[in-house]
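Below: one structure, written as structure tokens.
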Amino acid sequence: MNENFKESIIVIIGMIALVSVIAMRHLLDKVTTREPELSLLYLPDKQLIHAFALGDDAAGADLLWLRGVFYIAANSVEEKQEEFQHNLKNKAHPSSGGKREVIYDKTDFRNDPTFQAILFWNLNGTEAPLLLGLADRVTDLDPGFVTPYVYAATSLALFYGRYKEARQIIDKGVLNCPNSWEPLYHRGFLRLFYENDKVGAAEDIRRAAMIPGAPIIVVQLAAALGIGAGQRDVALDFLRSLREITTDDVLKQKIDDMLKVYGEGTQVVITERKTDVKEKLNSMFAGDSLR
Amino acid sequence: MPDSSAILVDSIGKTYYLGVRRRPVEALRKVSFEVRQGEVYAFLGLNGAGKTTTIKMLLDHARPSTGRCSLFGIDSRIPASRTRVGYMPDLPNFYRFLSTTEQLDYFGRLHGLGKAERLDRSRRLIQLVGLQGRENEPLKGFSRGMLQRVGLAQALIGDPALLILDEPLGGLDPMGRFEFHKIISDLKAEGRTIFFSSHILEDAERVADRVGIIHQGTLVASGRMAEIVMKESGFRIEFRRSGIDQPFDTIVAAKDWQVSYDESLVTITVPDESSLTLALAMAVQANLAVYTVTPVRSTLEQAFISELEKWKH
Amino acid sequence: MEALNRISAVALTTFRETIRNKVLLHLFGFAAAMMVLGWVVSNWSLGEPEKIIADIGLSVTTLSGVAIALFSGIVLVWGEVEQKTILPILAKPLPRRDYVVGKLVGFGGAVSIVYAGMNLLLLLLLLVFGEGITANILFSIYLSWWEVLIITALALLFSSFSSPTLSALYTVMLFVAGRFSEDIRIYISDNPLAYSRWILESVYAIIPHFGAFNIRLEAVHNLQLTSGRLLIPSLYGLAYLTVIVVLTTIVFRRRDLA
């Protein structure tokens, strides 16, 4: 066999190998994709992150958070949208098996089946137990990192119905981030929606409104609560404000759906009371300066 | 210490400790010699004999384990001893990303030269070593021979009274070697002292005034070139043959001198002056006619090998 | 005065030689790529992307500065001895201590230039995609620069007597230990056993306290900083550098250039 022929054979073999490499990548993707549960199965503790980040806790917290967000997105709420829409339409609490059920006192707005469907609807995902742990670890490393508190609290409550855990993490956020309006705002939301604690909610929203950088809608919400609007109206105001504040598209979509169903025919409280708001704000915040 | 000494080496020894077990290796053993100002001293030896190690002691690149050396009367451990010294290492190497001009400027600054003086000297030296036109190129593209030229230029930047050159001609082509010889001769004519190491004896023969031979860390010979070479010489005496060879034969055999015969002459080689005197006396006694007496000069190479052989035994 | 001239000659030459070496450019490129990646992933955090850019950016510039100092520094003196470029230099009337100081100034200058370049890129990212540039961010960059300088000096110290592999090992060990200095301090106070406490305290005294130069958390959350928080680590950095330079001078003075 002459040299040229041998070389040609080698080149041909090489090209076949190259084509195989390119062709096989989809197959590789299929066999190597892990089940979402497996990829964040182990939540590393604070010391380990501290070690891996060589003492750079803030960067370590960021990387752990990003990793966690990827994990949760992989098991996304979007997959369960159909189920959610169905429950919303039927205005049924999922645990009731589609039937209407009175859960709370008649005066409690949470008795409204739509709200029930929304507030206490459980996603049957394995990521839920990890969410609190993830947010907790990340915020241990970087207590000033607001997003984990807020996202965890909102998700745990609104997507997974795990109010106690949500309250746990948001309380930590309020304590560690005194200069941020967000944890206070979200705790107010939780207090109103899940505990029917209007006074507590009003206090949290008021404090949130006082913090520099709080968006005007929070201030307006504080006013609305202070004015003593009807619970339903307040709840709507709250939902609208949450829709404006959140950057989570999935949550935005959910609130839109809720408002579509629930808000039909309802007066838009905040815009109606525009002229009263300024006076009421001044009387509400008498002695404090609105920044 | 004599005022006229450029280099004075006094019983220096150097022991290295090698390996995990720190096995002692004697690189130099009680080496002593002197290099006078204005002379060219060739420091000869085989590879690994201790030439470079000795030079390291002179320049404080390494410290002797015993003994001392000095340059112009200043202990070589003191940096000021090198103020009037220029050094060119064996296979010189320089920063790859700097140009010749930048290198010379750098070395000039280390000698404390002002900017104008550095510029002027650099220009002249670049001319001297034949690097015109390439002085602004980074050195990483330079050949061995060109680096050697840069090496010489930087050695001369401080206008040194003493030049220490380690294997200066290694790696040069015949033209380069010729040019180098010329430069050394010129430098010598300027009154500079030159100390160079080499294993190329021919080069030493051409320029050196004095020679030192080092072997396995020991200085086996040191002195004027003529003396060293003469040591291995002798005399050749030619006698006209008169038919009376026998008594002479006996004497020659007893003295273990070399003898050869041809039709008309008997040639005897005696090793030294005293043997010459004896041989002539015997010839007179035997009524032999001396035809010629010729001193026999061995080459430096022969002398070199002879010294090494002697040392072995 | 003459010593200053000699030191500046060594420094300038070292600076030129280091900067012209393309390795630094590649390392800079790598750091820049990491920062851009940081900006990309920040958008996935569901909130506070500017914090992620700042956190990761500050971390990357510091670690890259350390990496550059480490990879270039461990061969600095060793390479010159191996390639014999040091021989004609030390054959001049140049005291070895001037050589060492000049080397540190020149090499440190080159590393600082690259470090500054990386941070300029970071500041640009923060201006365009982040929350802008605050004084705290600048202070954080300044204090981290001391950390980079100390690693530079350590790499140079080890390079003056050790091979690149060992130099890298020692320098990395000290870097990691220094980053965990705070943890060592906590461990000491918790540790009841006397003999190990003594060992740990000795270790704690010797290792560089890199925690003191880390105000990245304060920078990112724009927390208040006292002047002492900036001044004392700077003085500590200066003192530590001085110790390393003196050590290097002593070690190198006695070294045979075999």
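First chain written, first letter: the chains are A, B and C, and each begins at residue 1.
We take it that contacts are C-beta pairs under 8 Å (C-beta built on N, C-alpha and C of every residue); 3 or more make two chains touch, one makes a residue touch a chain.
Just so it is clear, the structure is predicted and the values come from calculations on it, not from any experiment.
K.L.:
Treat touching chains as neighbours: how many steps, at the fewest, connect chain A to chain B?
P.N.:
Between chain A and chain B, the shortest chain-hopping route counts 2.
K.L.:
Where the centre means the average of the CA atoms, what chain is farthest from chain B?
P.N.:
Result for max centroid distance from chain B is chain A.
K.L.:
Looking at mean CA positions, which chain is nearest the middle of everything shown?
P.N.:
Per-chain C-alpha centroids compared to the overall one single out C.
K.L.:
Return the chain pair with more inter-chain C-beta contacts, choosing between B-C and A-C.
P.N.:
So, comparing the two chain pairs, more contacts are at B-C.
K.L.:
Measure off the straight-line distance from the CA centroid of chain A to the CA centroid of chain B, and report it in whole Å.
P.N.:
That pair's centroid distance is 87 Å.
K.L.:
As a quick test, compute the distance in whole Å between the mean CA positions of chain B and chain C.
P.N.:
49
K.L.:
Averaged over CA atoms, how far is the centre of chain A from the centre of chain C? Could you give it in whole Å?
P.N.:
41
K.L.:
Enumerate the contact residues on chain A facing chain C in the complex.
P.N.:
It is residues 50-51, 53-59, 61-63, 65-66, 69-70, 142, 144-147, 150-151, 247-248 of chain A that touch chain C.
K.L.:
For the complex, give me every residue of chain C touching chain B.
P.N.:
Residues of chain C touching chain B: 2, 5-6, 9-10, 12-13, 16-17, 20-21, 83-85, 87-95, 254, 256-258.
K.L.:
Considering the complex alone, what residue numbers of chain B touch chain C?
P.N.:
It comes out as residues 16, 56, 59-63, 79-83, 85, 87-89, 91-98, 102, 106-107, 109-112, 138, 151, 154-155, 158, 164.
K.L.:
Where on chain C does chain A make contact in their complex?
P.N.:
Residues in contact with chain A: 41, 44-48, 51-52, 55-56, 58-59, 62-63, 175-176, 179-180, 182-183, 210-211, 214, 216-217, 220-221, 223.
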